[in-house]
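Labels for the chains are A, B, C and D, by order of writing; each one numbers its residues from 1.
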Amino acid sequence: MAMFIGRNRKARVTYGFDEIALVPGNVTINPNEVDITFEIPNSGGSPVGLAIPILASAMDGVVDVQFAGEMGKLGGLAVLNLEGIQTRYEDPEEVLLKVLDADKEHVTALLQKIYQEPVQEDLIAARIEEIKGFGIPAAVSSIPQKAERYGHIAQEAGVDVFVVQSTVSTVRHISTEYRSLDLKQFCRGMRCPVIVGNTVGYEVTLEIMECGVAGVLVGVGPGAACTSRGVLGLGVPQVTATVDCAAARDYHFKKSGKYVPIITDGGMSKGGDVCKALVVWTGRS
Amino acid sequence: MAMFIGRNRKARVTYGFDEIALVPGNVTINPNEVDITFEIPNSGGSPVGLAIPILASAMDGVVDVQFAGEMGKLGGLAVLNLEGIQTRYEDPEEVLLKVLDADKEHVTALLQKIYQEPVQEDLIAARIEEIKGFGIPAAVSSIPQKAERYGHIAQEAGVDVFVVQSTVSTVRHISTEYRSLDLKQFCRGMRCPVIVGNTVGYEVTLEIMECGVAGVLVGVGPGAACTSRGVLGLGVPQVTATVDCAAARDYHFKKSGKYVPIITDGGMSKGGDVCKALVVWTGRS
Amino acid sequence: MAMFIGRNRKARVTYGFDEIALVPGNVTINPNEVDITFEIPNSGGSPVGLAIPILASAMDGVVDVQFAGEMGKLGGLAVLNLEGIQTRYEDPEEVLLKVLDADKEHVTALLQKIYQEPVQEDLIAARIEEIKGFGIPAAVSSIPQKAERYGHIAQEAGVDVFVVQSTVSTVRHISTEYRSLDLKQFCRGMRCPVIVGNTVGYEVTLEIMECGVAGVLVGVGPGAACTSRGVLGLGVPQVTATVDCAAARDYHFKKSGKYVPIITDGGMSKGGDVCKALVVWTGRS
Amino acid sequence: MAMFIGRNRKARVTYGFDEIALVPGNVTINPNEVDITFEIPNSGGSPVGLAIPILASAMDGVVDVQFAGEMGKLGGLAVLNLEGIQTRYEDPEEVLLKVLDADKEHVTALLQKIYQEPVQEDLIAARIEEIKGFGIPAAVSSIPQKAERYGHIAQEAGVDVFVVQSTVSTVRHISTEYRSLDLKQFCRGMRCPVIVGNTVGYEVTLEIMECGVAGVLVGVGPGAACTSRGVLGLGVPQVTATVDCAAARDYHFKKSGKYVPIITDGGMSKGGDVCKALVVWTGRS
């Protein structure tokens, strides 16, 4: 719904998880008889199937090899961030212990120093192999600027899902200073599914889907650890963002016959928010 | 009122007690001259009359035999939960004292152990007789899965009102693993009024009323002790739920000539909320 | 604006002082050149003029003779409650000191005892004379049940304004147990202006004005010391109540040629709220 | 959007920074390639150019000569208040230290005493010269009553921007007691750009622009240090105020061909609010 926020200028009312609730329907169903499996499509092979439709966010503070293993065994998929401690250090455990031991006063300086260490490209392959060692699919992420380089390495190491992630993703980026990632060409060059994000808009999601991606991450600014709203004034509440991108997904499917899933990313803080996210994400009332 | 929460998708604005207030009318009335008596209809006999239109919730922490007696003497009706301490233990008082004495650390484990004890079916009849010993109507509740078994026992013991209660009630439940309660048949088999709940929707309330129930409990998630909203993301604010179900009640009455009362259940935290609930419940502005 | 709060049922959105703000106009004015004098009309004589359009509420904890004197000298009008300590005790100061000295535990019991003492009717005249001794108009209030008796006494003592006040005022009160005050007849029998309240509605305000009152107090439940909202669920936010009653005042004036002021009563907690109240009260945008 | 706040009376829904957020577009841009320079037009000479479009508010507690120098070097413009400590005292530092040393109990009395000291007109020129000594433009402000006198002095001292500021500015001020500032004539008499404020409305902003000003300050009551809302009940949330005044600016430009910038003044408390202010201020969606 659009509201005038001043003379000749409208804004749209948007909604987050705390502002909606689910309403029981006229029919109930035995929970055991509900199918919640999920598939990431793969134009170059068989889709990546998940028993539960939940991904762990590619945050350095969330996912390491061990966590990816546990998550995979439960039926979900954890994405390892290729620009974090796991690929900068042979022994990331040692580094994390240093952070834990640091006092409040020095921890920021320590973190800055830790992330100055360059990514060791041989560790990319090593981590992927370790994750695959659990007998589960391996997923990793990089920023667009590194996608071509790391994507190639990851693919050689047998990665199952590659994620290209930035705060705000578009297909059209204006710059005369550097060359932007050509997403269409990148997807064509990869043999595994490529997931791209994050977006919040209908048009952008459509444009990204038309590049041949296998999934789109939805959400700018809703996460608990996210500073985009305060620092940049930027963000769309997660329910509206998800509904809009679900509409893009459904339109793209109707037009192309290809179902590209969206993955709602962030803004969930209670168990009930996950239920709300799943319902909103289906695109059905 | 429906609002777009995103592209092509509407949600409805709903209201709880804190969001409404009563407005004085153009005519005032001497409080002594207002009739607030209430009747639970009974197709198989005379209705159950109450001096005040208030029920005590079938919660193990609220209603025991003594409480039911006091409430009945005041003109209301307290519902005893048949799956609580009162029917699992000969001497529930002793068990409650143990809970009171337990420290915070062990109380959850203790409670889990207490509720592992099976329901003793002979205690069902005993409790009903104790309540009726106060010279007041006795009301008990069970979950749908136990309704047939406990309903039969309670009826034999002379219960006056039987309540079938679950978080979300529908007439249509899908399951291939077990047989669902046939509500129509159950009501037909009982000689006392059967109250069913909880619901929040117009259609479901109508469907339940068409099964021959004597009343419908309205409310999913609004109670202070209720975790449905946080854990399941499920719930409708109580004013809207009550208004919708009152509309179903009025439509059902118009169509069938049978007045099936609704009982608004939960979400009241102040004295004024009870006044609001009564006004909303009348269905009149 | 009406909103559906559920199936077939609308409620109206209402506004309090915190939800509105004043907007600067296209013309500014030197504050010294604004006229804020106020008149309470008097069909039986000359109007009661005030230099500032503010009354002090007829609350026992607010107005005594001394306060009325100070307020009158500043140009306002304080209303003395005829059912308070001032008319029950020869020396109210002594009683107030006892209240001040009481500890928290016993103060409620003490207050209950203090208000059991009967009103001494000769004190009514005495207090009015004391107030008039300051050379200012005297205003007193009573509940409707006592209005005829106290109104007569107050009039004999030369009172300038008589206020009949109850939580919710209407002209039509239903009772078979007692006789209600006939407001029209009461106003006709008084030689001084009669102010009546409280109301919040357009129709009721009109009906009260048609009885020949000199002013209407507007507000049910907005005051800081008011429990109507929590205990009775009753109340209309003060801005909407004032706007509605101002519309009744303007319509009554158009129809009858008689301007009966409304007095917005309660809900102001900041200096800015007084400014908002004055603007809302004018009935002009 | 207008809402009925009561019978026959509408109010408008307005918005502040916390109620809006920016939404990412379909195209992204390399931040290095965005032009954010800003110009204050000057009918009597060349415009005053700024590298960053940010002014420091003419508050005595914010801007002194040193601060103006630092701000100017960064590309912004700080406005020195001509009725503050800087122009009342040869050595303002000494006065500020006294304030810092004062205990809470005496600080208000001390501040009242400090501001009783008259403005020393020779200090006006001195401060302007000191600021210009940093090789940056100098900006100063006065209230309308002193604008003619101080404007003349400041102009002689070579000031680059002169600001006439009051809580609520209009072109039409009614008074029989004193002569109001004739804004049109004042602007014509000044050789440097004249910025006027504050306003919040479309019509007033237009009327002020038609007097030949070089900019309009927008905002009544939104500042953290501002008491207009609580004490006067006066104020418009800053987003709506800015949008309305931007519409006036655009209409004035269309009609006259002269682009008079508006400067949104107050209500920003987070970094993101500055981004929101810039977007709202552009007048483009």
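The rule is short, and it goes like this: a residue touches a chain if its C-beta (ideal position, glycine included) is under 8 Å from a C-beta of that chain, and two chains touch if they have at least 3 such contacts.
Keep in mind that this is a model prediction, so the values were computed, not measured.
Interface of chain B with chain C: the two copies contact each other largely through different residue positions, with under half of all numbers used appearing on both sides. Note on chain C versus chain D: their Cα superposition corresponds to a rotation of 90 degrees, in steps of 5. A separation of 44 Å divides the Cα centre of chain A from that of chain D. The distance from the centre of chain A to the centre of chain C, each centre being the mean of the chain's C-alpha atoms, comes to 62 Å.
Looking at chain A, residues 14 sit in touch with two or more other chains.
You'll find the chains touch as A-B, A-D, B-C, C-D. The residues of chain A lying in touch with chain B in their complex are 1, 13-15, 17, 20-30, 32-33, 202, 239-244, 246-248, 270-276, 279-280, 283, 285.
Residue ranges of chain D in contact with chain C, taken from their complex: 3-11, 14, 168, 170, 172-178, 199-201, 203-204, 207, 220-221, 229-236.
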